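Given below, in the form of structure tokens, are the structures.
In the two assemblies presented below, chain A is common to both, partnered first by chain B and then by chain C.
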Partner chain A sequence: MIRRWRYWSIKVKLVALCLSVSLLGILLVNATLIAHQDKTLREQLANELQVTASILAEQALAALLFQDQQHLGELLNSLRHNPAIELACIFGEDDQTILARWEPLTGHCDAVDPVSSGGFVKGYFQLSHPIVSEGEQVGVLFLRSHLGDLQAGMARFVGVSLIAILGSGLLLLVITLRLQRMISGPVLDLSDTANRIAEKGDFSLRAPITNEDELGRMARAFNLMIEKIDLQNQQILQSHELLERTVAERTHELTVANRELEAFSYSVSHDLRQPLRAIDGFSQAIQDDYRDQLDATATHYLDRVRAATQRMGRLIDGMLTLSRVTRSTLNLRPVDLTQLVNEVAAQIQEQYEGMSLPGGINVQPDMRCMGDVELLRIAFFNLIANAWKYTSRNSERKIEVTAQAHNDGIEVRVADNGAGFDMKYVDKLFVAFNRLHAVSEFEGTGIGLATVYRVVARHQGEIRADAQPGQGATFIIRLPCSRQGD
Partner chain B sequence: MTSRALCMDKLNILLVEDNPDDQLLAIRAFEQVDKKNKVVVVEDGEQALDYLYGQEATGAQTDRASRLGIILLDIKLPKLNGLEVLKAVRQHPETQWMPVIMFTSSDEPAEMLEAYRLGANSYIKKPLDYKQFVNQMDVLAKYWLKLNKVPGECLNS
Partner chain C sequence: MALALYKCRGAWSRAGRRVAAALTFTLLSFAVWSAPPRSEYEVKAVYLFNFTKFVTWPVAQPDAALQLCLIGLDPFDGRLSTLAGKRVQGRELQFSVITTESQAAKCQLVFVSKSEARRFAPLLDGLRGYPVLTVSDIPEFENNGGMIGLHSEGNLIRFSVNLKQVRGEGLDVNSRLLELAAEVIQ
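So, the complex of A and B:
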């Protein structure tokens, strides 16, 4: 109950406050009035009875002096005209001898002690009035009045008070209900505006200002605050738009640059190859048509020309593959890596027939992952061709492709027992055109591993290598099999 | 459409190639595989269409197209490129079924796909190695000229 007022609306709180304070005031005033009225009525009663007693005592003096009990009785009998008095007694000078009595109701003068009993007692008002003759008391008059009239008067007064309280309470309620709007109105308006702004996010709304009091100032401050928020929002929006525009511009520039790069690599593929073909073709033509006129050295030189041409051709092809791997659209599908590696291995075995040795390629069954099958084919072709190439000087060839689950992806290891390399050059391994072996040692372009690195990066994967000179090399590729690439 | 068929040895080969080195190498490769077919060389797409469908100085419609066995078509050509020539060849009733072999330096997958979509019969990447070049010409001439040979009277022309 104590806490329930927290859930009241401000309207109810205001009405409750006004009504309770006002009603408390009214009640206090009325209680004071009632108390005062009670006191007045009692004083009045006492006064009246005192006056009656004085008159009676004076009239009774003569009869008392003459011991005329009959006259005393008649005198008391005259009290019948005052219905409030229900007992009257006249005692002698010893305060005990009853000389006359008036007992219309249940009271008896025998039970009265005129000396000690006086004032308001048990629903009565009673008094003892000495009857004095020449400074000497000759008797006592005792009067007892019931309080019926006083109580009726009080009841009437309290009734009127209650009606007044009720009436003024109702009037107060009506007035309070009307006047509370002066305070609750602006507060409710403000709260309503705040709610609408919060719900709709419409910062153009403003709270109405009707007063110049504290509430008016609060509404004004609120409006100012909303205005500032609105302004800041607009600034944020503007800088956001600017940012978007900048991003769009950059993207456009990048797209243009990318397109130029594509055109460039297309030209490389198309135009650089043509002169090479002519060099190779006409060298061959010289060797064929002028065989008789060429000595061994000339033929050898022409062989060197043709070998260089082939190497340049491979370089161009490598660059093209690298560029294609970088810019082609990533097409993620479930890939059977075992099948893919087996196909690649077969292709390599066929292509490098001359380099065949005892041993071969072992591929773990049932390797699967998500990926772009064409890009992964290029990557594994390069890795296994490398392994094949660097084991070509061995007495036995051992190439193993294995895989194990890693987080939510797969970790593939391509291990060989070939020439290996020194780990201090590992940083150069995946950079295009960097080689760790001389061409005379092992033929190569230095593009293959850069291409593998690109493919793995586009799959959001990781690649690292582990090797020792003469102990073989292992390439470890981690591919996330569930996530998106790029 | 002319319905006369020629023997495969008599069918011409149209080589659309702008680079003189490649022209010479192709002709030489053909000679080396000992083919009797005449290789007609044109240097760009416009000349190719002119050769196929053009009017001679006399104004008479030529029957050159009917004497052709295959068209070897480079893609990167001046004026009209190879793909545009291919499109025109496929739309013309006289050459609708003519074997067209794309013969190019590029192995761009997109370009290859586009060539096949437009109706190329084959797509050959020009090799760097001259020996491979000769082998390719051999296979090409044997396979495509033989395939294109229509049984019937051999005309001497």
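So, the complex of A and C:
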């Protein structure tokens, strides 16, 4: 029970405390009263018997002196009016001769030693009273009283005490139950308020303050604390809003700037094509129309001019693609990646017919994800074209496109056994116009991987590469398969 | 807390046993006095001494000795003189053997010996007006102007009191003594 003390509510604790202390007090008082009552009753019994003995002794004196046994007998016989007295004997002056006896019950005067037996003995009270004449003892009166009255009196007293204890206990319980509210009430209010604040997060709640004691002070301090928390919360919210607004403003500014930049780069690329076409067209016209007048060197120069213009055209195309990838709206749909990659692979095989080698492209069947099919086509075209390109100097070509589930998305790996690259340049890999190989080694514009990076980024995905020079390269793309982008 | 206490007067069931016991007691009370046997005059001497305890004399001098006197032949075999020196009612007991009624008038208690059986009347007449308790074992003593008469009933010595005579001389006898008397002449 005591071990469970800490699980009790404060209400029960208060009631238990008050009741136990009060009942202990009441029990102590009652025990004292009972002990005192017992003593009083015993003293009373002793006194009464002493008085009876005194009267009897006086009455018996004359009869004793004149040896009137009959009279003594009659005298003792008068004790029948006192039912408490069980045995009465009158002894002569030698303390032994029994001159008269009153033996209504089992006791016998013969068994009595009037000299040494007195007081409370074995459920009796007995006394010996000397019968004195002129200072001389002429006999002894012995009286024995049973304790029935005393015990009945004590039983009654204890009974009444128990009733009083029960009654006062009940009364105390009622009073304690009422009074404990004075202490437990504010505590419960406080804990209730704290609970509601914790559960609902409503910092406008306040604990009621009913009195000015320590509990009142506690409630006041609690309210103050809640007020401060509320204030700080508001400040945090305000600064958070401010921050959000600033971020939104900056993002907007950045978006506008980006859009302007992209529009600029698109129009520049677009506008650059026209003069380039003119250069190429007129160079070709010179070659065609003035072939006879040109020597071999001039023809070679013109070939160089045309090659350069065509390369510049591809650069512009790449830039336009990059720009389109960035600017176009994202159209998310379920995409059959296997089919897409197969189509791209077929296109590349057709386009780069001259670079065909033993081996080819392996595509894992049944790859699916969410995405913009056009952008993904551009991305995978670039990746597989790269792989094709960088394996063109191998004796055997081995390109593998595989996928596996990753978290709630898909991880696609495009692995080749081509030239690879040094991982210390990996940072430059996805940046436009950065190339890890010379144009003379492998043809390229340096825009392809930047475009792939953009596409993956717009799908909220990730791209990384793993390679070693001469050991081939692996590009790992993670695409989320949920409907979200940008 | 006021706790009243009521004295329980129970045990009525004991009443029957008590009556039976009382009957037993009555039979027992006639048993022989178990004290060692004493001679008749030994007992009478004690009686005389005890009478002085229950008789009140008119106050003369509180400290004065209480005179116990014997007139006639001494049947006590000198035992009365052993009473002298004892104190009764705060007074010292003195004993003297007397011969005349004038001497008797100074006594508080006069025992008239059986030897005076034929001539105690003039003595009593002479004591008229004096607070002197007269005691004798002469038969019919109390009916002939004496105050206390002693007589034997078997082994018991009983006494009769002529209360009229006693009170007439300004003496008083304790009622406890009268209760024990075989006869009280009013």
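A few remarks follow.
In this text, the second predicted complex is superposed on the first by the 271 of 486 C-alpha atoms of A that agree within 3 Å, B and C clash if a C-alpha of one lies under 4 Å from a C-alpha of the other, contacts with A are read in each partner's own complex, and residues count from 1 in each chain.
The rule is short, and it goes like this: a residue touches a chain if its C-beta (ideal position, glycine included) is under 8 Å from a C-beta of that chain, and two chains touch if they have at least 3 such contacts.
Only a predicted model underlies this, so the values are computations on that prediction, with no experimental measurement involved.
When the two complexes are overlaid, the chain among chain B and chain C that reaches more residues of chain A is C. In the superposed model, A:280 makes contact with chain B only, not with chain C. Contact with neither chain B nor chain C is seen for A:427 once the two complexes are overlaid on the shared chain.
In the superposed model, A:313 lies in contact with chain B only, and not with chain C. In the superposition on chain A, no contact is made by A:408 with either chain B or chain C. Of the two partner chains placed by superposition, A:353 touches none, neither chain B nor chain C.
Look at A:270: by the touch rule set out above, it reaches chain B but stays clear of chain C. Chain A contributes residues 266, 269-271, 273-278, 280-285, 309-310, 313 to its touches with chain B in the complex. Against chain A, the residues of chain C that register as touching in their complex are 1, 3-12, 14-15, 17-18, 21-22, 24-26, 28-31, 33-35, 43, 46-47, 50, 53-54, 86-89, 156, 159, 174, 176-177, 179-180. Of all residues in chain B, those touching chain A in their complex are 19, 21-22, 24-25, 28, 76, 104-108, 126-131, 133.
Per the touch definition, chain A reaches chain C in the complex via residues 29-30, 33, 37, 41, 59, 61-63, 65-74, 76-77, 80, 83-84, 92, 97-105, 133-135, 148-149, 152-153, 156-157, 160-161, 164, 168.
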